[in-house]
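In the two complexes below, subunit A is the common chain; its partner is subunit B in one and subunit C in the other.
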Partner chain A sequence: MDSNKRLKRSAGGIGGSNTTRWFFVLPAMAIVICLLIYPLLSTLVYSFTNKTMTKTTFKVIGLANYINVLKDPAFFAAFGHSLLWTAGSVLGQVIVGFVGALSLNRIKNKKVQNLFRICAIIPWAFPAIATAMVWKWMLNGIYGFIPTALMNLGITGDMPQFLSTSRLAMPTLILINIWFGAPMILVNVFAALQTIPQDQYEAAQIDGATGRQSFVYITAPHIRTVVGLLVVLRTVWVFNNFDMIYMITAGGPAGASSTMPLYIYDTGWTGMMVGKASAASMLLLMFLILLCILYFLVIRRWEKEE
Partner chain B sequence: MKKIKFSPGGCFAYIFLTILSITCIFPLLWLLVSAFKSSGEMLANPTAFFPKAWTLENFKTVLFTLNFTVNIKNSLIVALVTTAIATTVSALAAYGIIRFFPKLGNVMTKLLITTYMFPSIMLVIPYAVVMRAIHLTNSRVGLVLVYMSFSVPYAVWMLVGFFKTVPIAIEESGRIDGANRLQVFTRLVLPLVRPGLVSTAIYVFINAWNEFLYALLLISSSSRQTLSVAVKTLEGADILNWGSMMAASAIVVLPSIIFFCLIQNKIAGGLADGAVK
Partner chain C sequence: MKRIISMCLSVLLLSACLSACGGKESGSSGPSSQQAVQAGGSEALKGEITFWHCFTQGVRMEAVQAAADSFMKANPEVTVNIETMSWGDFNTKWKAGITTGDLPDMSIAQNTGEVAEMLNAQMLAPIENVVASIGASRFSENALADMTKDGTTYGVPYYSHAQVMWYRQDLLDAAGLDVPKTWDEFLEAAAALTKDGVYGAGVSMSPNDLLCTRYLNYYVRSGGGSLLNDDLTANLTSDLALDGIRFWVDVYSKCSPAETINYTVNDHATMFYQGITAFDFNSGFMISGVASNREDLLDSISCAPLPVMREGDPYYSAETTHIPLVIWKNSKHPEICEAFIQYLFEDDNYIEFLSAVPVGMLPSLTGISDLDAYKTNETVTRFADEAAVITEAVDNGRAIGFEHGPSVQAGLLTSQGIIENMFQDIVTNGTDVAEAAKTAETRLNEIFSTQAE
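Our next item is the complex of A and B:
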């Protein structure tokens, strides 16, 4: 920090710091303003108007869109699905990723450790379209590997229709999302585990600490900030995720797996009601912001304890 | 370090990781073997792993009959141009933040999460409206522009982590030798962070290569469409041939996996290192 200040002063002396420093950050700032802030403001404005996809003119209609959205049972169904989809996916990803990372950390043979790590990373590298298509093929109700195997092994009486049964669609999507997302948690938590100084464990062992005590007093405090941030990142990402559900079930069967982004898509693109879709987007964003504030309050408390 | 051979915890670790690894790689293997099976074979024996007769028929269909070469070209162009622009812009910004706006550098992760919060389905509506106004709908230029929205924030975040490791003393000596800011940046700093720069570029490329929603909604003609969306449209064919579908998916997934494995050490550390707050 100190040397930074020193350099800033010297930059002012030689290179005309004000112009130079803006030269570095301006292009990125322009991108953020044009591609993130402008669309946000424009969505906010649209949400109070009767704008549609086809017409260029529109007029302000006040809160009508918000009232419309909040009266729409499909909105609440989508919100409920979103909560289930996000909670189920994030919880599953964190549990699998966390247990995976702890297991990986126990393996002393570096070669084996690396092999497991590479295998576990594969799903993370899967493009959404490939994830969707390979799972759709494996779960296909007539020729899919998984239903056929389940039936041949006598676990189920007939071919289970994972993606076209209302009751099964969302849980199946969540499992696919856990498959996709757990590796990211695993790799990051594992990296955090590696930064814990080994001598702390040795000291604890000498003092007669049990494995559980070492975990609670050494491991957990070291990695919980990372885990907390991962949970925030994952929550936001999963909540906003459109691709995976759109490509696998498109929200079906009969809306059983339609989440908020799909609801916005149906309203804004298929239904062309930009105003209403914008109102729904703003509600989604507000919910996410509240959620993140809540998360950060928890994380800040942890940081203070350290 | 004490070596515990047959502890129950160690056993559990091996069993858990073995099951996890198999679950993780099985879909990839299944995708690949399916791509080499004839459709008759796929339907006759849905659980057989290896094809009885390996065939390239599916790849031929996808590349030549369905004209996927065009879509591969589109995806490559869009992803490469996005990578070049986003990496340049982000490298400048990350360096600028570290050296001139250090306070901003300390809240990078929060800023990244903030940009994550903007749902792409929300952003795409204003994008579509503006693109129509400036006559960039259905164009790859427009798509590249839009791709900056997710690649730049992430790339800046990654690069800030890498630039932090550059010792300031090197730059000061460069300044004393009479180099200006930009020269210090290009000749002294950039070479030092080259590995980080490469990882970032690869990560941006993967994300642009994999992108789906913006391409789906902003590009309407199939001759300009990217690979991900083209694969999705295969589903709309009269008879869905899963062999071709898996061959097409293999073409999308392989570059992504190869690149990902190259940089997996670099992207892993980000959150665990100092870049957290």
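Our next item is the complex of A and C:
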């Protein structure tokens, strides 16, 4: 009994006079408040004001920013580009990563397997600025290696303009992003594949299951939760990706590759209309929360099925 | 005992948090009279200042750092912290700093247009002590006027340059062409030189830069017009502006690599540095650029005044840039900033700085170019004719949009990328010129009304 009391006292029970624990919790709380709650709330507040970048004073203007954003054709163009960019990138990354992981899993030699795994992760070792600059250089329509090679090999009649035509800019960016993001899917799916008990495959083989049946009934159920979570994460990351597009095309030409983050940046930083940019940010946040809820509902259903 | 220790630790932690969260102690809102007296040299300077600049190239950065070091040596109780950043980051950082309070004591600015934006945000302190100390008559009247509001001056030009037409004499000679004097001659020559891997001229359109605005401004100014109306609204739909847009779209389609649609100033200038383009429009920075990329071309490059609309039209200068030094209102030690700026302008320090990019950075003070230490610079001697062309343009020009006087609208004209987006839209989507110009004009006016309220 005494020891229980001592324990309770030293831990500072609820309602007790010992407030020490709050001082220990304070830094963590401060970090959460500063880095998450404050920016979120300030964005929400600014979205109802006429706040500009270079003015310290502002006034509440109700829903005017939201109405302006929803009336802006550039917003919907950017939203459409974001959907295309995200769907194309994530789908491509999952397909390439998944196929790569299955292929890697079939390599029996562990040393070779590890070598390929290390090689696959190389794109992640480079900072985005280096990746963007290298691709921009390789795709340059005047002296880039890829356009020059395509023309010299007779595949194209003249130097293809991958980044300077509206038709090619977004598909090119998506391909670069697939190159960049697929290794992460590969490594994670490969790790999930390693956890599947081999005896299940052996039993299926004895029962006369085909390769397709083994994949559908053994492989897929084991890894679909991992893939689902990766898709959720990649969707949010890719949707919010700014640096890659900004550094390669800056959303051009003529907004052909402008996505939501670039629209928000242009509105808030270049146009200095912080209120309008905040409104667009809140709309983006709501969309992503909705998307995540849908994803998690699907994943939860898979987990229940297991 | 444990409780006491834990309490002590908590207090320590809390105090650490509070001290980390705490900013600088609140300072004065501007130079006080007492501080002004100190700037006069009656008392030893004491304190710490932060100087933001964008001279990221090694030589210029080293010259500023060397000046700061010797200034600190002469004033042992002074610390000058230098933070170097790109021009783009600088613009972003000071604008964010208005809200966060993270601002320097003194800084450069990209041009006088940016000073107008800073003044609009009411963030600058007067710099009249510096002007008085150095002598107002030694600065360009236009430059000081561009940074003066309600009779008070808020910036001094650190160096100056102006836009002129650069060309490759060897290519013109080989094609039997003269240096173009009118826009029509320019287009004709540029189109004729577009062959064998060389392009006549680049028309770069990245919205992250101002090149289309700059080019359109040349054309409009050569016709006696302006990109701003008298009431400081945007003017992209006048006949002259529409002609200008069509002209540069024509130059793009006939003489420019398609890739330049996404090019910024650096990408763009590099083409001339590397001999890819035959013509370009820029300041004396071209010389150092060519020297570091294709030294063999140095003898082949030269410059001339911007083309005119018709043969016989009067001389004009479309764009002069003065790179200003400003003191921020939040500075606790404006007296140190003033003293340091004066130190930067001392002959030896100033000439050493200018010699980092000779002819590229022209002196903003009269008398400097007459000093032997300046004149004997090899590049200054070699490119004396070009320096004369640029100096004439500096003396006769103002910043884009400043023909109506300094205004935040003039600054915004070049910083929004809206005119560049308009060009991209016309070229990429085939949008009608008048329609694209109207859309861009409306967008600019929306931003003008938001920022200039």
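We adopt the following convention: the second predicted complex is superposed on the first by the 278 of 306 C-alpha atoms of A that agree within 3 Å, B and C clash if a C-alpha of one lies under 4 Å from a C-alpha of the other, contacts with A are read in each partner's own complex, and residues count from 1 in each chain.
One rule holds for everything that comes next: a residue touches a chain if its C-beta (ideal position, glycine included) is under 8 Å from a C-beta of that chain, and two chains touch if they have at least 3 such contacts.
From a predicted model like this one, the values you see are computed outputs, not experimental measurements.
A.B. asks: Quick one: subunit B and subunit C on subunit A, clash or fit?
C.D. replies: These partners clash in the superposed model.
A.B. asks: Contact-wise, after the overlay, does A:273 reach subunit B, subunit C, both or neither (first, second, both, neither)?
C.D. replies: second
A.B. asks: Go through the superposed model and pick first if A:121 touches only subunit B, second if only subunit C, both, or neither.
C.D. replies: A:121 sits against subunit B, while subunit C stays out of touch.
A.B. asks: State whether A:249 touches subunit B only (first), subunit C only (second), both chains, or neither.
C.D. replies: second
A.B. asks: Output check: A:292 vs subunit B and subunit C. Expected answer is one of first, second, both, neither. What do you get?
C.D. replies: A:292 sits against subunit B, while subunit C stays out of touch.
A.B. asks: Identify which of subunit B and subunit C touches the larger number of residues of subunit A.
C.D. replies: Counting residues of subunit A touched by each partner, the higher count goes to B.
A.B. asks: Tell me the contact category for A:20 with respect to subunit B and subunit C: first, second, both or neither.
C.D. replies: Both partners, subunit B and subunit C.
A.B. asks: Could you tell me if A:163 is touching subunit B, subunit C, both of them or neither one (first, second, both, neither)?
C.D. replies: So A:163 only meets subunit C here.
A.B. asks: Taking the superposition on A as described, I'd like to know which of subunit B and subunit C A:191 touches: first, second, both or neither.
C.D. replies: first
A.B. asks: Which partner does A:32 contact after superposing on A: first (subunit B), second (subunit C), both, neither?
C.D. replies: Once the two structures are laid over each other on A, A:32 reaches subunit B alone.
A.B. asks: State whether A:96 touches subunit B only (first), subunit C only (second), both chains, or neither.
C.D. replies: A:96 sits against subunit B, while subunit C stays out of touch.
A.B. asks: Going by the overlay, flag which of 40-48, 94-102, 364-372 or 418-426 in subunit C ends up clashing with subunit B.
C.D. replies: Looking at 40-48, 94-102, 364-372 or 418-426, the stretch of subunit C that collides with subunit B is 94-102.
A.B. asks: Hey, what residues of subunit A end up touching subunit B and subunit C alike?
C.D. replies: Correct list for subunit A: 10, 20, 23-24, 27, 53, 140, 269.
A.B. asks: Inside the complex, what are the residues of subunit C that reach subunit A?
C.D. replies: 2-3, 6-7, 9-11, 13-14, 17, 21, 92, 95-96, 98-99, 117, 120-121, 205-208, 257-262, 271, 276, 415-417, 421, 424-425, 427-429, 447, 450-451, 453
A.B. asks: Using the touch rule from the top, collect the residues of subunit A that touch subunit B in their complex.
C.D. replies: 1, 3-4, 7-8, 10-11, 14-15, 17, 20-21, 23-25, 27-29, 31-32, 35-36, 38-40, 42-43, 46, 53, 96, 99-100, 102-104, 106-108, 115-135, 137-138, 140, 143-145, 148-149, 152, 179, 182-183, 187-188, 190-192, 194-195, 198, 211, 225-226, 229-230, 232-233, 236-237, 239-240, 242-243, 246-247, 260-261, 264-265, 268-269, 274, 277-278, 281, 284-285, 288-289, 292, 296, 303
A.B. asks: Enumerate the contact residues on subunit B facing subunit A in the complex.
C.D. replies: Residues 1, 3, 9-10, 12-14, 16-17, 20-25, 27-28, 30-31, 34, 42-43, 46-47, 89-90, 92-93, 95-97, 99-102, 109-110, 113, 115-123, 125-129, 145-146, 148-149, 152-153, 156, 168-169, 171-172, 175, 180-182, 185, 206, 209-210, 212-213, 217, 228-229, 231-232, 242, 245-246, 248-249, 252-253, 256-257, 259-261, 264, 267-273, 276-277 of subunit B touch subunit A in their complex.
A.B. asks: Quick one: in the complex, what on subunit A touches subunit C?
C.D. replies: 10, 18, 20, 23-24, 26-27, 30, 50, 52-56, 140-142, 161, 163-166, 249-256, 266, 269-273
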